[in-house]
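Shared between the two complexes below is chain A, which has chain B as its partner in the first and chain C in the second.
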Partner chain A sequence: MKFLDEYRDGAAVQPLLEALRRRTTRPWTLMEVCGGQTHSILRFGIDQLLPPSIRLIHGPGCPVCVTPVAFIDKALAIAERPGVIFCSFGDMLRVPGSHSDLFRVKSRGGDVRVVYSALDAVQLALREPEREVVFFAVGFETTAPANALAAREALRLGLANFSMLVSQVRVPPALELLLASGAAQVDAFLAAGHVCAVMGTVEYLPIAARYHVPIVVTGFEPVDLLRGILECVVQLEEGRAEVANAYERLVPSGGNPTARALMAGVFQVVDRTWRGLGLIPRSGMALAEAYAQLDAEQRFGVSDLGGTDSPLCRSGEVLLGILDPQNCPAYGTRCTPEHPLGATMVSAEGACAAHYRYRRPRED
Partner chain B sequence: MCLCLPGRILDLGEAPLCLGRVAFGAVVKRVSLALVPGAAVGGYVLVHAGTAIQVLDEALAREVLDLQVEMAADLKRNP
Partner chain C sequence: MSELNLDCPLQLPFDTIQMAHGGGGRIMHDLIESMLVPAFSNPALEARGDAAVLDLDGRALAFTTDSFVVSPRSFPGGDIGELAVYGTVNDLACAGARPRFLSCALILEEGLALAELAHLVDSMRRAAVRCGVSIVTGDTKVVDRGKGDGVYINTAGIGLVPAGRRVGPKEVRPGDAVLVSGDLGRHGMAVLSVREGLAFDSPVVSDCAPVHLLAEALWTAGVEVHCLRDPTRGGLGAVLNEIALDSRLTLEVLEQEVPVSEPVASACELLGLDPLYLACEGRLVVFLPEPQAEAALAALRRLPEGAGAACIGHVLERGPAHVTLRTRLGTERILDLPSGAQQPRIC
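Showing the complex of A and B:
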């Protein structure tokens, strides 16, 4: 595919690797924030190609993984209702709640459907006026514009049978938490390219300055990832800590102003609990006042439902970059993609699932 | 979750959703172009969950690839 395959070309990768070898004089630890990048890195074996003194650790950027158990329980409670069509992205279906998951609800007769887009759920609500159609709106800033567009369209059409269970999250507050906690020793961050395609780079300027840490916007193909890693290393070696953009073709510094304006109208910034990480101030998005009628939590009276993680699952430490998936006692034994204890083993972008699939332990 | 693909716009749909046809290699899908008002037929957009979220800057895309070719040539000259 054009603008994709060229960035996977081995011939283009070699000079970047050589430059990395020449520029690296000390050990550096970089965190890739986005789960999609974790997946790419393990899939293409990027971590194996780097100079041995560069260590990549995985960050919390997988929305499936950080959706709290309480929200899964709310989804289950709604999906079990007769008359409801519960629409979700496919990777949420196997995420365990306190007692069950959406797949099990479906197998017991619940009408749970996988959709590709929130707009598909709006179309479904139009076609099925007798049914309540609920869309499970999870995701980072990348997904928020599409979900916001669906909310605006549902209101425009006056759809009384459409609502959204919203568990949207924002990246910058989680980065701040990681840096403020000092839990993982991270020298530089690869920032999530597709989040920045929407949001731009401005939000990261104060974080880079306050914590003196390079933050480099990075894409998802091998050439993109290596350009991001090289920029981090060059900055670290020179003692600089700046926000840089190694994904120029898709990330203007202002992001997408049309998308951001729509998001600002549909959503409001709220505190949000992240699975494994706890409450992070201003890290979430919920429906704004003007869209409150679409709020599925209110409509189905599930606001107060809560739940707890499996005590065996240490995904919080994995998401903070403290624990390598393979060092978790449950990894590959009691916790597998078929029988996951936590969400990091479910999603293709979860660090545990990506390790399990491509299992290539780093040979130090 | 943040998986996106670059696709080429075949036609622009009508407001407000602007559901146009976008080609991803041989696969053609209907995509909302409502959030990329600057997009034009023949141009490339970044698509996520049925919605185009950014216009691809082809000049910058080529620049990066040209730079890699230069780097490779440099490497040959100064191994």
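Showing the complex of A and C:
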């Protein structure tokens, strides 16, 4: 497959591994920020190929995992309403709120639908003028531009029956929190390639400088991941701490200005609670004033709803890279993909789900 | 509440049926093992074959049933009518049987166009002719509009297992090779693309087809077949996990040997799905002694529907009852039984 096979090729991987072995003289801990990278690393077994002194730890970049329980509860409350068509990306459906999940709401008669794009939900609202169509807008800076486009389109079409439940999040404030807290000893970051494809690299410059930590824009295929890892190691070995781009094939250093302008027009930066991590200043995006009429929280009166995480779920520590999923006492026993305690066990990008799926130790 | 209270209010047990209970993964497996198998417990059921093999006056009779609820009813490469025939024929073939007779029960929704029903019935007729089976009994029910999804079809089938054929997970041995008769995941992706209105440059066509001739070709070639399966719901991943559990052996799959067509692989990358868990409706998974693998592959490849046959792995000497995948990079990971149906990811 073009654009994929050449980045998964064993022959292309070997020189990078060889360079890594040559350049690594000390132990280094790198954090991959994005949940998509976590899944790639475990799926391809990248960690098994690295020199033993390089340790990868998983970061907070799973949009499903960090969506607060309160927002899941709001989603459930809206989806239960008669007359509502609740549209969501597929992997939100199994995420547990306080008492239920969207699949269960569906099984009790709620009209919950999987869409592939927010614009699909706008089209649905156009086709079903008698129904209230609500789109669950979650994700990092990767999903925000397309979701913003949908909001703009809904206003342009004058759709009175379309609204959005918005829980968008931003990566840089979470990295700052992680570094400022000193929770995990991270020597360098693999920044999330697709987030940077939108945002560029400029936001990371002050973080790299302040905390003296290399931040390397990294992709998701084996060759991309190893290039990012190698760049981190080279910088660390040379005592440098710079923002670098090891995913140039997709990420221009300036990102995508059109997408950013779209986001800036529709969303405003707000403080946001992250599931497992708590409130992080300026880490979220909500609808701007001009789009307030699309706010599903207001329309359905669910602003005050809020639930809490299971006290048994230690996803916060997993998201900060402090706790390896397999060291959580609930892992694989009281917490499984079928009966998750937290979102890290169900999301396609969750670290616990990735370990369970690809590495779960089995009883003989 | 003590810290060790197991009745955590946030953990959500299933008290109603979810779509995942029919998804071919662990949730469905748990329902079958915890409710159905204990309720109906008997040796034929507990053999856990695609069809039950029964001793009837000294002759081995294979008996199976399957219901078809696919939406949309027509998809690139087939429709629910032919699927209903091939599905049951394939389950019989995987029990080592020669399929002979089928039943056909139709559950029709009020308002269904008669012309569409006639088209589907003709599909069934043609599929039956292709498989050399007769549809000898049936039933017709109509439900109120809104209480069905157009057409549901149940077929049951019987066939005779020739003497000397003994297949099933318990016959799988360390050292066996694992073969597939063609590329994987076509049916699942073909249905998904129509259902979700996804347009791809090269349309994905279902592999919907009978596998009884492929199975027969193996017997004719004289190879010692240990186990046959058609990887439907849950795909190859689910089938291999079931066999690992039932045989209590470790299976190893070699990723680079698993055939997946370019359109299916591309669509999976786009949607964040794994082709190894997508349904096939015309493929055979074969376990047999490794030294006979080449002869078996040659026999399969002589038929057009087996042209893409490949050896994708083997059964290890010992180890835990699970499936491992040796990746293209030479690393190793688990190929797990999926939980329910796969969900497209966010980004």
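Going forward, the second predicted complex is superposed on the first by the 359 of 364 C-alpha atoms of A that agree within 3 Å, B and C clash if a C-alpha of one lies under 4 Å from a C-alpha of the other, contacts with A are read in each partner's own complex, and residues count from 1 in each chain.
Simple rule for what comes next: contacts are C-beta pairs under 8 Å (C-beta built on N, C-alpha and C of every residue); 3 or more make two chains touch, one makes a residue touch a chain.
A quick note: this is a predicted structure, and the numbers were derived from the prediction, not measured.
Of the two partner chains placed by the overlay, neither chain B nor chain C lies in contact with A:Val133.
With both structures placed on the common chain, the touch criterion links A:Val302 to neither chain B nor chain C.
Of the two partner chains, chain B is the only one touched by A:Ala197; chain C is not.
Legend: residue contacts after superposition of the two complexes on their common chain; A:Leu119 is shown touching chain B, with no touch to chain C.
Within the superposed three-chain model, A:Met1 lies in touch with chain B and with chain C [touch as defined at top]. Look at A:Leu165: by the touch rule set out above, it reaches neither chain B nor chain C. In the superposition on chain A, contact of A:Glu349 is made with both chain B and chain C.
Contacts of A:Gly45 after superposition on the shared chain: chain C is touched, whereas chain B is not. Residue contacts after overlaying the shared chain place A:Leu262 against chain B, while chain C stays out of touching range. The intersection of chain A residues touching chain B with those touching chain C, taken from the two complexes, comprises 1, 4, 9, 36, 63-64, 89, 91, 116, 138-140, 142-143, 194, 349. Chain A makes touch with chain B in their complex at residues 1-4, 6-7, 9, 11-12, 14-16, 18-19, 34-36, 61-64, 89, 91, 116-120, 138-140, 142-143, 145-147, 149, 152-153, 156, 192, 194-195, 197-198, 223, 227, 248-252, 255-256, 258-259, 262, 347, 349. On chain B, the positions that touch chain A within their shared complex are 1-6, 8, 16-17, 24-25, 32, 34-37, 44, 46, 48-51, 53-54, 56-58, 60-61, 63-65, 68-69, 71-72, 74-75. Interface of chain C with chain A (complex): residues 6, 8-13, 16-20, 26-27, 30, 196, 198, 262, 265-266, 269, 271-272, 319-322, 327-334, 336, 339-340, 343-347. Partner chain C is touched in their complex by these residues of chain A: 1, 4, 8-10, 13, 36, 42-46, 48-49, 63-64, 89-94, 96, 98-101, 103-104, 106-108, 114, 116, 138-140, 142-143, 194, 222, 309-310, 312-313, 334, 337-339, 341, 348-349, 356-360, 362-364.
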